[in-house]
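Each of the two complexes below includes subunit A, the first together with subunit B, the second together with subunit C.
Our next item is the complex of A and B:
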């Protein structure tokens, strides 16, 4: 019967719930509770409806009034209804928590009637699944004792509940250690021998206790002389997919927490094989498998190789041909492929040869944010392949246009991910970067370079830098017109050092290869040179100083005017004797590249065939720079040593010629 | 001349291929089979497992009494499961839903597809009994929100609602939804999650054994010629065709 039969309208039903007042009693109350419960189970719309009618506090008050020893049937229905409100609806969880349901549900766990205990345990389990539910404080002794007592109960629902509370509530190392000390971890291991659902709950729980805690992980491995670890290893080949997955995740967690365990290649290969097989399973086991796989092989080239050798790339890519993929699974597959392509050229080539790039590009337009981010990571890693970049496989319109679209995405995480991909894709060896510029990529990058978010600023400048690598004059003009010299100058002076570095590298790319390379450096009243000077004199990171000095060295290779400007940069007109010159600081730096760049600068300033080199050499000598360089004749870095020699030879020539005159 | 030699050569190798397979006569085969011992208790357990998993509670009870085999789960839980199946088979979907919720409220809360199919069945029953207005109201109030909550249900929803548009429902395009088979389909869909929630295996062991038999025979076919079981229901040995 539809819910709108007389007397059973939601508003009327909700009225009958509660204690006292207009609420029903006895049989009538039981009937109303049961009716509401049956309406809301599985039905999100009804849950929200009854939530707004204030049903939750009413039902909790009923539970409170009978939990001590009222009609068992009433308790069961009330508990079940509360549990259902907490299932899958955030507002429901909040309402249940606010109404104070948890203590009452906990109370009925000790009820003599098993059905009541079941109802309480199931509902609590639902509540503890939600992120909104506060952690159970396991550091309190009485709480720990309570959990332990639950783990010794015969009732499967109760032990599963205890396991989920534990999994929900142990994040900090001290909590995990306390759980071990109280004997909870050992008990969970024993319970692994029980029925299926209990076993799965215990696996999740064990994983949470050992996560990121090398001490507890080691202690786990020693339980029963290593038998606990062996039973986990057995479980990865269990007949149930979910058990296999959870056992794999557990082993992976132990390995990350304490690498001396699970280190034989044999077991790691087994894990890879099992996880790849799990991909074939429908349901959550198959959905979560690729995430576990990514986690297992993360940053380990050897494991990447193992995975490739057992056709991981092929098997993952096969899914693209099997029709539409559910979002969570799609995200997992993309992340796994991204990880595999992060280091191995072989993977990248294989992926491209399997012709699945168009599926990945389609995923860039997916409704789900996480999928879009994963697709960007995938493309970013595939485009680490210089071979494929130079062959132009990744800079076609089909790839670039959707990526540029994502720069306008509402989620900044997606924007960051897209920028990562664009950074690589933009390193195009073709002289014309028209595709990128034509589809409005540059203006959006420029826009993002003004963002308040430093990550967005950094990555967008980086992308511009890569875009300008070996770009032709027209494209450079285009970018500069959009970006403007003054913006570029302020990026050089950005508060974040990495951004300063990228901005300088961008300038280097802009001036490189131009006929009059430095016109931009000197444009707008030497805006860029001034900015550069300012940060070199300030305290910036070595990376920034290196970029800056190489830029100065390149400018110093220009004409007399350019050399003059560089010299004034090194030797400020109003030098007070107190603060040392930054060039001297750099020449004394531990960083090889910084010393090399600085000496190059001097080499270019004192270049033989230039008119005023001798005057410049004299000024440098007066400032003590030449004497500093003289101390570097035996510099440990060969490159530096050779440049030092060059510089000194050139300066000696001037001295000699000077003397002659 | 050389051509005929090639053909003769090929004929030679074909013959040797067919004779390289071992031939096992019926007598030999039956003798070998006699030598394999199977325990009665194992067979009883298999039968009990089948009855229990499929939910034949009365048969299971009788079998328990007559053979002394203990079921691996409490027969009371099978009774609950069978009550659900019975309700569905008689078209009392609401009753079935209430029974599932009494068994374990988490089942329908965590199986959206199953819940949708149960509600779809309710709609079908309303259409079957000719209560078109009620059916449409139900579709709007109960099923439409499911479609909104989950896009993948929309297609099935459209098909079911389309039923109500036809005068002669039994003969319309989606008429098969009104068959008894649809009720059975829904009933078996409910069976599995209930079993899983009780930590019981949702599939009986017997089919796996039969699959193993078929596979083993296929493997053996490549190496030998022997009396085969071609009809699983009779399990009679059929002489090899030479």
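Our next item is the complex of A and C:
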């Protein structure tokens, strides 16, 4: 059948939209607009098709031509179609913004016909929901006045729009303050008593205005002698889940912004209970509840305990058994569990006893980046349990292999999160680390230790350090083969102090416990010793010096040759008397642990059973180190005092023997 | 003249009610830290026969801030066991902040506590204060001995049906001067006052240090 002039094929419909040329007019244009709008509602494919056909600029041109006072029905249909294009499809929002729809839609908010105003407000609300939409500059006086005027309109679509624009646009401190000063916060509080959608939008904008701003949060809490705060507290028990969630989020934000409010344990417990109940809700309320819960209990052990007492771990874990979980909700649940397991051993044991570790490990392989990161955080915090690490519950292939695979992830954020988990899981106290070595974990950690990204470099060296804690000789050799002495030496001299610190601790672990790897410290023309000496002479951060001195102490626990090398590092033969010795500086340091590590080094150099200790003791005395140590017999740090006495006893023994002969 | 290492100083008392204010966080003693190993014996003699098991201990975790310590204990010549028996234990450090001298659990009465602590000569100077207020007003952060309770939690390498029990716990006294450890096993159903004696064992020609850091 030949197509009629009023055919509904997208290509034909798109042709008929617009102003002038082939475009339809009057009733036909209205019909075409309505048809396009009906076709695209909730249909992403159709939206993309019409976008491709250039429908958006044509519809915006229709709106532009009639917005000043044309046919109301036409304006309503054009505005509705624009709103629909901006809903849920990024390309749609972009097209609507590019076509300059916002000023025309804003203009129709002043139209005498309420239906037109409604359509404009709804459409703008869709546009301001998108992150792509530029912020509305509330610091401009005319804009602020305009927003305030919208908030005083009788039309709830308009007030909801104004609140949405604020939630979308208010970020900076001065914007928050300006909104408060303009009386907007007070008005939003009044509007909380209105219809559902308006109320929810107001909650979102109040949250944006008080976020991280203690001054405004305090002012909010004082509005109407605290009635504003009370109405929020009432709303956490509202019958609508989304309202409950938004009110909870608002209170949590106020609590973080100004810790003197929302402090009563009763309210905090109530918030935890409500958020845990909200987990059961379908849709956004349930998806966002675990994020709010995490935010509420963040870093607060007492709140973790409260959450545990109302079975939070059980309830969160139950979801794993209910079948596939939407990515956003899964991310939230994993983050909430990660937070709960960050401090309390009770949570970690409970989670492991609920047998959900496999689900969490599966989430490491999820398509969504955020879920993979959240799963890594969860495993990292569960593996803070020394009890379970020691039992080997977290170092099986099932956990280690997928974590190691994430070291190849395309997202560096995932790599960093995986390294966090590997750092902890690597501490399994077992002498053999075969799982890590066989699955290529060590090689990949070594690769990442050469990365240009300092965070990846730090965490990979950290993981290697932990992996080498109490490892057996074969595994140490294996890691050294991959890592190489020259790479280790350059990590010791890395530009970042925390990396230097981890690298030194890694070498200490390699050196400790078995004699043979000692020789590596002297390989490649003393590469490691030279790097260490350079770092210690350069007087880096206290953390670096402490690790450096413990490493030197470890080497000084070796044979005569090793002790000699350490002594030459402390007392360079070519030194002139002008520059003070670093060991003296360290012995005089305010850092307890640096003094302790330095004295341990002296204890090992003058170790009783060692042949040439007396000669070394004499050299130390000649260099003024023994007299420095003598001044420390009453060191305020007990550990230091006891080590000083240990060193002096050993040295005195040599002196006494010397006198006898 | 050599300087003596051991010092029998009386611990100072902190003023006021809050005994926690003076506590410092880093490992109070580098000889009681992760990776450190100890070796010695546990006397398990009964009326019938004299018997001692060789014992190795390794510290795996240390959190002075929370008064927590953990590690493994390996008993070497356990009769009827084919292999050395390894257990994982967790320790409470008596710091008067997280834990006091009174156990308050594991079937130990305050009298049992005092009876066991009193077996350590270094507890002598503390006795009267512990009797007065449980030792709450003592500041032990500068005392050269660290008192602990070690409680075994599970068998690492044998099943629970190995015929051995870990129902009891150890009263432990660690000397910061030389890293030696003395302890007494307490279990109302086992022979009383089984003595544990350990010395720092991971020395080569000096003391070495290993460490890890969790994220």
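We take it that the second predicted complex is superposed on the first by the 593 of 661 C-alpha atoms of A that agree within 3 Å, B and C clash if a C-alpha of one lies under 4 Å from a C-alpha of the other, contacts with A are read in each partner's own complex, and residues count from 1 in each chain.
One rule holds for everything that comes next: contacts are C-beta pairs under 8 Å (C-beta built on N, C-alpha and C of every residue); 3 or more make two chains touch, one makes a residue touch a chain.
Note that the structure is a prediction, hence the values are computed from the model and not measured.
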item	value
Partner chain in contact with A:588 - subunit B first, subunit C second, else both or neither	neither
Partner contacting more residues of subunit A (subunit B vs subunit C)	C
Partner chain in contact with A:45 - subunit B first, subunit C second, else both or neither	first
First, second, both or neither for A:269, with subunit B first and subunit C second	neither
Which superposed partner A:380 touches (first subunit B, second subunit C, both, neither)	second
Partner chain in contact with A:218 - subunit B first, subunit C second, else both or neither	neither
Residues of subunit A that lie at the interface with subunit B and also at the interface with subunit C	none
Contact footprint of subunit B on subunit A as seen in their complex	1-4, 34, 37-38, 41-45, 80, 83-84, 87-88, 119, 122, 125-126, 156, 195-198
Parts of subunit C lying in touch with subunit A, wherever the complex brings them together	1-5, 26-30, 34-35, 58, 60-61, 70, 72, 88, 90, 141-144, 153-154, 156, 176-177, 202-215
Touching residues on subunit A, where the partner in the complex is subunit C	380, 383-384, 386-387, 390-391, 420, 423-424, 427, 429, 459, 462, 465-466, 469-470, 505, 508-509, 511-513, 515, 550, 553-554, 556-559, 563, 592-593, 596-597, 600, 603-605, 607, 609-610, 633, 638-639, 642-643, 645-646, 648-649, 652-653, 656
Subunit B - residues contacting subunit A, complex	94, 97-98, 101, 104-106, 108-112, 115, 134, 137-138, 141-142, 145, 149, 196-197, 199
